[in-house]
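Which chain is which? They are A, B, C and D, in the order written, and residues in each are numbered from 1.
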Amino acid sequence: MIAKHTLQAAELLAAPRGASGHQRAYDYVRGQTQRLIEPLNPEDMVAQSMVDASPAKWHIAHTTWFFETLVLKAFVEGYRIYHKDFSYLYNSYYNSLGERMVRGKRGLETRPTLDEVLAYRAYVDEHIAALLLRASNDEALLLRVSPFLTLGLHHEQQHQELLLMDILHLFSHNPLFPAYQSSPPTLMRDVPPHRWLDHEGGLVEGGYAGDGFHYDHEGPRHRCFLVPYRLGSRLVTNGEWLEFMDDDGYNRHELWLDDGWGWLHKNHVSCPLYWQRVDEQWHVMSLYGLMPLNRHAPVVHVSFYEADAYCRWRGYRLPTEMEWEHAASHYPMQGKFLDSGYYHPQVADNEDYHQLFGDVWEYTSSAFQAYPGYRRLEGAVGEYNGKFMSGQNVMRGGCCITPQGHMRLSYRNFFYPSMRWQFGGVRMAADVD
Amino acid sequence: MIAKHTLQAAELLAAPRGASGHQRAYDYVRGQTQRLIEPLNPEDMVAQSMVDASPAKWHIAHTTWFFETLVLKAFVEGYRIYHKDFSYLYNSYYNSLGERMVRGKRGLETRPTLDEVLAYRAYVDEHIAALLLRASNDEALLLRVSPFLTLGLHHEQQHQELLLMDILHLFSHNPLFPAYQSSPPTLMRDVPPHRWLDHEGGLVEGGYAGDGFHYDHEGPRHRCFLVPYRLGSRLVTNGEWLEFMDDDGYNRHELWLDDGWGWLHKNHVSCPLYWQRVDEQWHVMSLYGLMPLNRHAPVVHVSFYEADAYCRWRGYRLPTEMEWEHAASHYPMQGKFLDSGYYHPQVADNEDYHQLFGDVWEYTSSAFQAYPGYRRLEGAVGEYNGKFMSGQNVMRGGCCITPQGHMRLSYRNFFYPSMRWQFGGVRMAADVD
Amino acid sequence: MIAKHTLQAAELLAAPRGASGHQRAYDYVRGQTQRLIEPLNPEDMVAQSMVDASPAKWHIAHTTWFFETLVLKAFVEGYRIYHKDFSYLYNSYYNSLGERMVRGKRGLETRPTLDEVLAYRAYVDEHIAALLLRASNDEALLLRVSPFLTLGLHHEQQHQELLLMDILHLFSHNPLFPAYQSSPPTLMRDVPPHRWLDHEGGLVEGGYAGDGFHYDHEGPRHRCFLVPYRLGSRLVTNGEWLEFMDDDGYNRHELWLDDGWGWLHKNHVSCPLYWQRVDEQWHVMSLYGLMPLNRHAPVVHVSFYEADAYCRWRGYRLPTEMEWEHAASHYPMQGKFLDSGYYHPQVADNEDYHQLFGDVWEYTSSAFQAYPGYRRLEGAVGEYNGKFMSGQNVMRGGCCITPQGHMRLSYRNFFYPSMRWQFGGVRMAADVD
Amino acid sequence: MIAKHTLQAAELLAAPRGASGHQRAYDYVRGQTQRLIEPLNPEDMVAQSMVDASPAKWHIAHTTWFFETLVLKAFVEGYRIYHKDFSYLYNSYYNSLGERMVRGKRGLETRPTLDEVLAYRAYVDEHIAALLLRASNDEALLLRVSPFLTLGLHHEQQHQELLLMDILHLFSHNPLFPAYQSSPPTLMRDVPPHRWLDHEGGLVEGGYAGDGFHYDHEGPRHRCFLVPYRLGSRLVTNGEWLEFMDDDGYNRHELWLDDGWGWLHKNHVSCPLYWQRVDEQWHVMSLYGLMPLNRHAPVVHVSFYEADAYCRWRGYRLPTEMEWEHAASHYPMQGKFLDSGYYHPQVADNEDYHQLFGDVWEYTSSAFQAYPGYRRLEGAVGEYNGKFMSGQNVMRGGCCITPQGHMRLSYRNFFYPSMRWQFGGVRMAADVD
């Protein structure tokens, strides 16, 4: 049931058809955001726990501002913006779109209240509906609106994931360990053994292929030469990570990148981000609150530095993003995404044996850089991805809180190597000798 | 009416009589806190705008924890604390009272919600009432409870002022400039001219005299020799401050203390904290929202460094705290305090001609240090004031958001010289040649 | 003459033959270091101008320690280390080789004095000579010693370049603008016009090919697919950089990477590192002291961020390192290196038309990452390069202060994108449409 | 011999008579500076170990610049300054005297070399001599020159002490523990027992009395009321400090000022500044190099925070500066100063029983503030002391590296409460009950 539902959603979002298709896609995404904030109270939605995170209220206002700015202001003549100060409040990082608040102060905006922000959402939804109604009789208009509306929907899906990441990070600072969701799923099973899957490589193609929606940096499609390589059949587990810790992995400089070794000492890192010792037992803070650590489940919330050190400790390495994409291209894009209703990575099972998609974002060794032939877009849209091509690493495959309709084989997510609040995990790779 | 009411309150608080007097004092103070948060919504009460400030919700929980810890846990056998984690959450800085949260993270505690904190208040209020009921028949018990309960009430009054300071600081970061109170009072009149009032000085006495409640650092009563001096008849006004600015006061090193000159450049300070240029006009952010600057009203929210530089520019100086206290001892403790219903300093009028009390805290040149014979108290109570006797300066006289029952002639408030979010203003002093 | 001399040096260093060849190579490199410090006085050699730089005295002690530790201690039985504290003082970043001083405090080591450090050098030189003498009759010994001795020589050459970079950085902080070398060369000529040179690309090979000395990260040799591309025929000049500045290049966010835009504002960057306005004219601080800016000479001491922004402003991009290497493989490795006696990049001339080698290190868009099949070496040698494969960018081709014998077509230098004290310049690349 | 010599010096410096008296005073002070740098080599004189310290070379240039600027430029018509950039290089903190180098970069000025700075000294000395020669026939000129020349001499004496403080701080960072002086004196004796000396207090006078040279902030002479108090007969010793440490003094919050408790944790302080464990024994770094700790000698190089905590631990307190001055006024100003040839505080003996003067600066509880009637001077001279009257504490009595001719009963030295590189020690005070 779920699968069918989300596949429809994926189709809806990749290439919505007609004005009504756009409206259905819009309703689907906007409705999902609304459902995501249901377990929160207004107070939860105010706070910002670090400069990289944002308050939940900000996310739902910002995504609305995105539609107002790129769609309504652009395509509705005489459109009256909802509030003159909202652009200042809810612009994230678009230099092209004017002045904005200092990022680290978002948690101070107790006003507008949640109710006011919801009214803003309703106002924009209403005007989008009116615009699409008009476009149902004006194909030229629809053609012009469609790319921006569709971008807005994918943008909002990204913020759905961010909203959950940020709530978890916020709640992790609370000594009461609040749960976003009660009743964690109890898939109790042993993880299957780790095996190597070999790939021939050679001159392969990578990057987005097709004509649906995708981000600019997923292309152009291009050729790339891969030496024979192997990928682990499954993700690294919490139990395996404990072996790394027991073998003094966090104290052995020879396993670490120099930047990582500095980061680790400066921040006193000695375990994954949300791990805690309670009554002599390892627990993990999650969207289900504090849970005992499941040794069979995939490790999550480690940094690139930690992922890299772990692989070196095992005598292996991380895959490059082209290795990952090439290998994954042989499998259907199935896995536990947000729509599956799991808010924490689960133990691998037969159905999604490889866990290539969903559960956790997988680290690659590849720096986030332009593909051959890539050109940064002009204007605000050009600030979406291209300006971040420095100092970050690519992650692949989506995670348990990524909306399925948002994911693609060619999807490139990117984070700085010290970041850990994203749902990042590890799959090993190796050379074929 | 108000005056009478507050005088009664002052009496109640200085030395409550009998169990019922204590209950009346308790109800009075706790009720005032409750009234102060009425204009706020739960979201406003979450955020912390800087490390020196706290969320409003934290203030009302912390003051409750203070009663629970120093009164209920100490004097009610078998008392069940409300929640095991609240001491960790709501201890402010008492090392004697166990572990506590990092101060700068108070704004992340979206839970417990406001409703839960209000329930905590009700629970503690109930147990205090029960304790006092018991004490109404047990004089020995009342005698033991009284100092701590009374301290708790004065402590809560301090937090009433802090709560308003912190709300103003928080709202000042909001581009919408929210108002805590609507309808600012419109006392439109010209400020009276500045005159000098001379004092003989000589060998005088200072420090608390009496047998009511007072903080330890207001005593012991002691002798001190004062050279003849003069005090300004009124506070420095916004209009006069503009003259200082127009004369390049913020750019002339010779007017400033070296620390102040460094502070000013590091923080790009060029006007009082809440001043803003809007449409070419100076405005000031206040608890009434953004208001046009009134040139006749006292300047407020300047730092000690600024106050000191201003006086030097005029060719004068700040008073010492003993000069201030000696001069003020000749006048009744009248002025605009919190109970007067003014949330911003007002233009001087005839009634409160000198404005020695109320409106703004007045800077003194005196470092906050022990009076001769002072000894720090043992235990948690000893952490209240004594441990802060380094690097801070004394301010005198209370301000418009200080509860009147809280003020005394001998009251010593203290702040670091760079702080500006307290309601601090300037009265000049000079030597008599 | 010079050319012949340096070619011999290059041969000597790539694969020294026999014990006497090693001794000749050793004498050559160690002697060059000695010559480099001749223009300095002992006081100049004490100071450290930033955490990334080191005092000249430290460089000459550290390179000596490198030989003592990796050669003498390893291969001379009963070797007595010169001083028990020197390993602590002169270890740079080798965690495998024990405790060491905090990097930023190197400028505080006024003792040992320069004389003592020179005595240390003499002591080590003497023992190296004795070891090589022994090895002249013991081929097995020579075989074991050779890799480490050779590494030590290349290591010292790197520090020769660092020593000059660091001296320039130090002198740039001195209001007297001291000159390391007097009489700058006066090659006054116009720069040739900029042209595009096209390359077919395709499936090419990159990485070190041969059997001489090279760093581990220059290999393995591997295949790579290149889309057709073009490279600029010459470097970007100071004059062209002024056009960028005149067109407001440092103030237009759309030209910059997000990290670069943040870096630029935090550090108030608005021109290349050593540029200064003196009497309304642009000057540049150099190893020849302060000189008027030559518009025809290559721009130097810009960061990766600036290089990237410049290319985007022109509508082009930086080359990838494989594009650069593939293009450069068609030309002889000729250019102005340290041995040429130029301490500042010169205007392009006919002889070294492309300036692909020497003059300035050329930025590539490539992150410094492992080639396919690369494995980090074990032990201290493994810390040489592998652990830095994060967050840095590759530069190619050597510069005017790089010893020629040190350079290779496959040589990969790497720096963080904000660094500017290396002699870094810009060659543009473009796609072939 | 020494005593007689230094008394003459003191007299010379307090009020030099005639042009020749000025010249003798000048020669005396300038010569002492010259002798102080004899044990240093030029390299030692380059480095700056922290922002509060300066290179020795800077001190000797700065004191010279002071004479050039305040005497030669002011009183010698047509005087040609030695070098146009030296004011920029050698101005310390006088905003009135023009632009200057960032303080923390003094250690980067390897040029001018020591030889050049010594030539600068000689040039200025020569012109001062010529000026005084002229003044020997021109009383009016002498009268005008005298205050500035005398100030320059006292200023240079302050820098003599700073130079030694800074050299010790620098050498303490060197793992070789260099000694400024060899052969430490071996006054091996037991410290006499600690006794209390009572003082009546009452209405006393304090501040400079006389007509010799003194700093502006030592006056005006003024009255002050002292409650009866007692002072310790001697300084706190290293042995007593070890008792404090053994009793967990650094880990008991109730002993500390809040600022001190924060400082201690931020800086991981657990013993006096220069203490080190070597082979399980406490040692102390000194101007004699690393020495075993002498339990009988006075503790030195503790901060105000530590001094304050120690006294509280013993149940006592620090004296106020007026208590100290009043008590000390009953004793001759004798003690071990720089001229005695001791470069480290010595065990108390009979001769200097109280050690009120010399050996170590004694902490007082008094903030550095203006005496009643104090007015900051105009111009550069006004920046000497007055602008530092914020956040610092007064120390009294001079130390073993203070030139005797520089000391006065009324001398007020001042430091921030966290500073430890000055020779600061502890004498306890108490109330008389």
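Just so it is clear, a contact is a pair of C-beta atoms (placed from the backbone, for glycine too) under 8 Å apart; a residue touches a chain by one contact, two chains touch by 3 or more.
Note that the structure is predicted; figures quoted are calculated from it, not measured.
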Chain B to chain C, fewest steps along touching chains: 2
Chain located farthest away, centre of chain A as origin (C-alpha): D
Rounded Å distance, chain A centre to chain C centre (Cα mean): 39
Computed distance of Cα centres, chain B from chain A, in Å: 47
Chain A-chain D separation of Cα centroids, rounded to whole Å: 61
Shared interface positions of chain B, touching two or more other chains: none
Chain pairs that touch, as defined at the top of this document: A-B, A-C, B-D, C-D
In the complex with chain D, residue positions of chain B that touch it: 93, 95-96, 203, 222-227, 253-254, 256-261, 304-305, 308, 312, 317, 365-367, 369-370, 372-373, 376, 378, 382-383, 387-391, 417, 431
Interfacial residue positions of chain D with respect to chain C in the complex: 41-47, 49, 85, 88-89, 101, 105, 107-114, 170, 173-176, 178
